[in-house]
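Dropping the structures in below, format is structure tokens.
There are two complexes below, and they share chain A, which is joined by chain B in the first and by chain C in the second.
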Partner chain A sequence: MRSRRLLNGYPKMKRLLSSVTDGKGFDILLVSLPLLFLLAFSGLPLLYNVLMSFQEVDIFSLGRLIRPFIGLDNYRELFAAPEFWPIMWNTMLFVVCSIAGQFTLGLALALFFDTGFRGSSFLRGLFLVSWVMPGLVVGAIWNWILSGDFGVLNYLLTSSGLISENIFWRSDVDYSLWAVVLANIWLGTSFNMILLSVGLAGIPKDLYEASELDGANILQRFSTITLPMMRSTIGAVISLGLIFTLQQFDLFAAITSGGPANSSNVAQYWAWELSFRQYDFAKGATVSTLMIITVMIAAVLYVRSTRHEVRI
Partner chain B sequence: MTIQPQIELLSVNKHYGGFHALKDINVTIPKGSFVALVGPSGCGKSTLLRSLAGLESISGGEIRITGKAVNDTPPRHRDVAMVFQSYALYPHMSVRDNMSYSMRLRKASRAEIDAAVADVAAILGLGDYLDRKPNALSGGQRQRVAMGRAIIRNPKVFLFDEPLSNLDAALRVHMRKEIRALHDRIGATSVYVTHDQIEAMTMADHVVVLKSGVVEQQGAPLSLYDTPATKFVAGFIGSPAMNFVGGIVGDTGRAVTLDLPGAPSLPLARTMEPRRQVDVGLRPEHLSIETGGAPGIETTATSVESTGSVTYLYCGGDPEIVVVLSERERISQGDPVNLTIAPDKIHLFDPETGAALR
Partner chain C sequence: MSATRHTRLLLFAAILLGAIYLFPLYWMYATALKSGSEIFAYPPTFIPRGLDFGIFAEVWATRDMGRFIWNSLVIATGSMALVALLGTGCAYVLARYRNVWIDIALFLVLMLQVLPASLMITPIFVGFSALGLLDFPRFAVMLAFTAKAMPFFVILVRATFMSIPAELEEAALVDGNSRIGAFALIALPLARNGILVSAILIFMQAFGEFVYSKSMIQDVTLQPASVGLNGFMGPNTVEWNKIMAYATIYVTPILAAFVLLQQRIVSGLTSGALK
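This part shows the complex of A and B:
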């Protein structure tokens, strides 16, 4: 009572308070804070990055915003660089193979745990361990596993007779990219599995019963019920996988450093190398801008796939 | 109608771990008949139906469909169709695709599918909705699609698990008639689960009353009403439910004295064991109010409800006795009434076992 009388004299305060209590306008306030944050710490650097890719930048002009504008020169030079196409090819291979591996294993595990055997939810929880580990730690572990002389992987492969000679995973140009792909699949599988598990759990069990009565065998149930009902989840998982895979930097830093001879170099690692090893900030920004475009396309696909969710 | 058994349940038992859900169920269902499974919630109706469909495996006994034991036959080879309480429509498929799903699975030709869908859609009045997804349909329309999906398969047996429980009262009454008409039209054999005894009584040729996994009684709907085998069936069938009053048979065995204030005595139509404790069952619609001093239950009306067509009279206290009168009576709350009943309408039950005493 008293506070209301007190507020009567302050219409602005009253409006603000009522916006909190009624929720009118309060939602906008809530959204605007993180939006401002995003704008300041993601949006501006992003724009700055795009701007840099059209400028001539050297170590002396680094601190300035206004620098000589050179149009598409950076892009032209980048495309002409001898390592450009091999690195793009590597990036594509890395992304496609990582996602394919993560998704297939993740879906298989999700289906496996969905059978609901005793202890399945506990085991599923354990799988999350790989996901909460930092990439550098995962990289270090895989360094040991992949080590040419004493690695467990080589031991397994030789003792099972699949190979006769040790493979030097990290230093052989034929294998270095695959070493990182392997580690990345391991890292991302549990994330895929969890999201896909949630999607599977969202499919009502009576749909399976109805389709079973309608005459569907297990493969037909998978293709006519499970897959279509999971469409939006699968779309989300794959687009998120694309985004995460394009961001994967730690594993390259920890396992191969992009080498040998760029054989395992990918765009995200190359951008860092150009900027902070060769101090060619403009080129680094140019590579980043190309990646921004790719990620944006993935993000649009992601948003679209979540919007097309099947309502039950 | 040929009297050839379509479904036979022979001492079917079902355990869920330590829980005995179905106990020695024996039911024979002739071809072309409409059987209702009724009982209170949790009595095992759905379990029995799902066992028939093959969605649950039974722990003992045998299920036969057209004479063949199907205990080890998976659902898709049993040739039964089921309408789920939730309808279980495929949300990502149009009405057309929902209904033709089974045909597409067995790779029926395009022309065959189109013809069948058109047929079924015409029967169910779904022609205008074939291209809609289930979430764009009303509850009643979804219910029809679920039926269409079953009908299109032309199965040996239709199973319904409370298909009308999600509909409003008026639509329920309408669909009740429609399902029965459909059943007659396609000459199917149907098993229909419901907890609503009115649905069971109005739709079925044969009613099976289940209680805690046991068949309490089965038979024609009116025989369950006229001669209930147990107190449970007597109370379950009929609406409003039968009144039960404790009592004791008189010295002559030709009358029963009720445990009510004033110890009223009612004449019996048959001779019972004298001085036997009984539970007396009086159907509300068999009681009438008498002014002429005939022997009856002297009590007072505690509340009167009139719907226009019938009057509900609530009399006495402990236990309350409900009376349904089809005449409009000028009785108001607090009036004394004398309730009488024809002697042959009195049901007697053993207070220990609940079995009917005849």
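This part shows the complex of A and C:
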């Protein structure tokens, strides 16, 4: 009451205040504070990153905004670096194989649990522990499992006769990337499965009954009902997989550190390494810029596929 | 008869699949309980010979884990509070309206969700060091992590608000409530569970955060448990039972919370990520 009397003399203030408590101002305030925060701590760094990739940055000019502008030199040097194309190739292999593995296993598990026996939803939920664990812990566990001489995976593979001598997963240039892919598939399978389960649950069951009456076998039902009905879910899951896989950093830090000799290095780890191991922030920013553009394209695909789903 | 046998068979298969999938987790616990020589036994022992629980107290003391875990808790609590404080209102407004501006804001939020931390750390580090924020490294990590995690929170909580009928708030407005009143007294209590579950997910993520802490916190006394674990795993380490004991102490609380809240977390997650 007192505040109202106080504000009587200031009609403008009063209107503003009442708008904030009771009108459009309320919504604008609620939405603008977080958006300003996001713009300050995500948007600005993003632009700053692009700016840095066109500048010459050294330890002395690190704190300044205005630095010598060198055009595309950073990009030119980067493309000419001998490790550039191998690392890009690794990134692509890592992304494609991780997603393929996570998606296939996730879909198989989702189909299995979709049969809906008692306890299925509880057991299915348990799988998600791989996803809530800190990435570094997952990396540490797999680092130990994949150990060359004493790793349990090598023991299981040799004793079942699949390999004749131990594979040095982390230190052999032919296997180091696959060590991380393996851990990443394990990490992401459960998340894929949960999202695909939601899509499966949304398919009307009478569609299956009708086609069963028409004499369709299980494979035909899968390809004519399940896959088409799941199209937008699959689109969303795969683009989310792309986004998460390109964010994966902890596993590289915990298992191979990108080595040996960059054989398991990928762009998102390399960018960090350039900045924080070699203190070449301009190159780090350049790799980051290239990758952020890639991720943005994936994000547009994701948004489009979720939009699609809402309309249905 | 055959129907129950069928479901029993399925349940058995499901438990078997679960056991295979969760084997790495079991291996962490099993290794932690082995002695320093038993971990190098060949063939490996799948059930530890003698259970040595003293290793946890030993690792806790020698690796200064109390300090590391405390720093993780500080970072996770601060990030969660900041995310919930800023994100809830944003999610509410984005759920209640449908127009071009909301679409643009939503698109922006979705886009900022996907930026990988390991790529954003370069400009954030350079910018923060210029602003002097790196003198308060844990706070700097909170700010950076909040910006990274808030979009995810907004999308999950927005789905919760969308499931609450707007008519309830309209009725409150007719009864003479202000907009703030309708939001605080009607919408917030109804969305409480969704907000809580999403906040817990953010807490779990922040508790395991690594990239920002590793890059921005140089002072070892301020580093969180993830950085501590990374420091423990040198390239030629042989103390795998101790590393796994460290990992056990670090993740068991998270796993316990997850198993307790499992159903809610799963349903919260699925409603948000696909809608």
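As a working rule, the second predicted complex is superposed on the first by the 277 of 312 C-alpha atoms of A that agree within 3 Å, B and C clash if a C-alpha of one lies under 4 Å from a C-alpha of the other, contacts with A are read in each partner's own complex, and residues count from 1 in each chain.
Just so we're on the same page, a contact is a pair of C-beta atoms (placed from the backbone, for glycine too) under 8 Å apart; a residue touches a chain by one contact, two chains touch by 3 or more.
Note that this is a predicted model, so its numbers are computed, not measured.
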Partner chain(s) touched by A:Q247 [first = chain B, second = chain C, both, neither]: second
First, second, both or neither for A:G215, with chain B first and chain C second: first
Touched partner set for A:A100, first chain B, second chain C, both or neither: neither
Touching partner for A:D206 - first (chain B), second (chain C), both, neither: first
Partner chain(s) touched by A:L301 [first = chain B, second = chain C, both, neither]: neither
Greater chain A contact set [chain C / chain B]: C
Which of chain B and chain C A:L157 touches, first, second, both or neither: neither
Residues on chain A lying within both footprints (that of chain B and that of chain C): 310
Chain A residues within the chain C interface of the complex: 21-23, 26-27, 29-31, 33-35, 37-38, 40-46, 48-49, 52, 57, 62-65, 109, 112-113, 115, 117-130, 132-138, 140-145, 147, 149-150, 152, 155, 159, 186, 189-190, 194-195, 197-199, 233, 236, 240, 243, 246-247, 249-250, 253-254, 257, 268-269, 271-272, 275-276, 281, 284-285, 287-288, 291-292, 295-296, 298-299, 302-303, 306, 309-310
Parts of chain B lying in touch with chain A, wherever the complex brings them together: 53-55, 74-76, 78, 80-82, 84, 86, 88-92, 101-102, 105-106, 135, 149, 153
Chain A partner contacts - residues on chain C that touch it in the complex: 7, 10-11, 13-15, 17-18, 21-22, 24-25, 27-28, 31, 39-40, 42-44, 86-87, 89-90, 92-94, 96-97, 105, 107-127, 129-130, 143-144, 146-148, 150-151, 154, 178-180, 183, 201, 204, 207-211, 214-215, 226, 229-230, 233, 235, 240, 243-244, 247, 250-251, 254-255, 258-259, 262-263, 265-266, 269-270, 273-275
Chain A to chain B touching residues, read off their complex: 204, 206-207, 209-217, 220, 224-225, 228-229, 231, 310-312
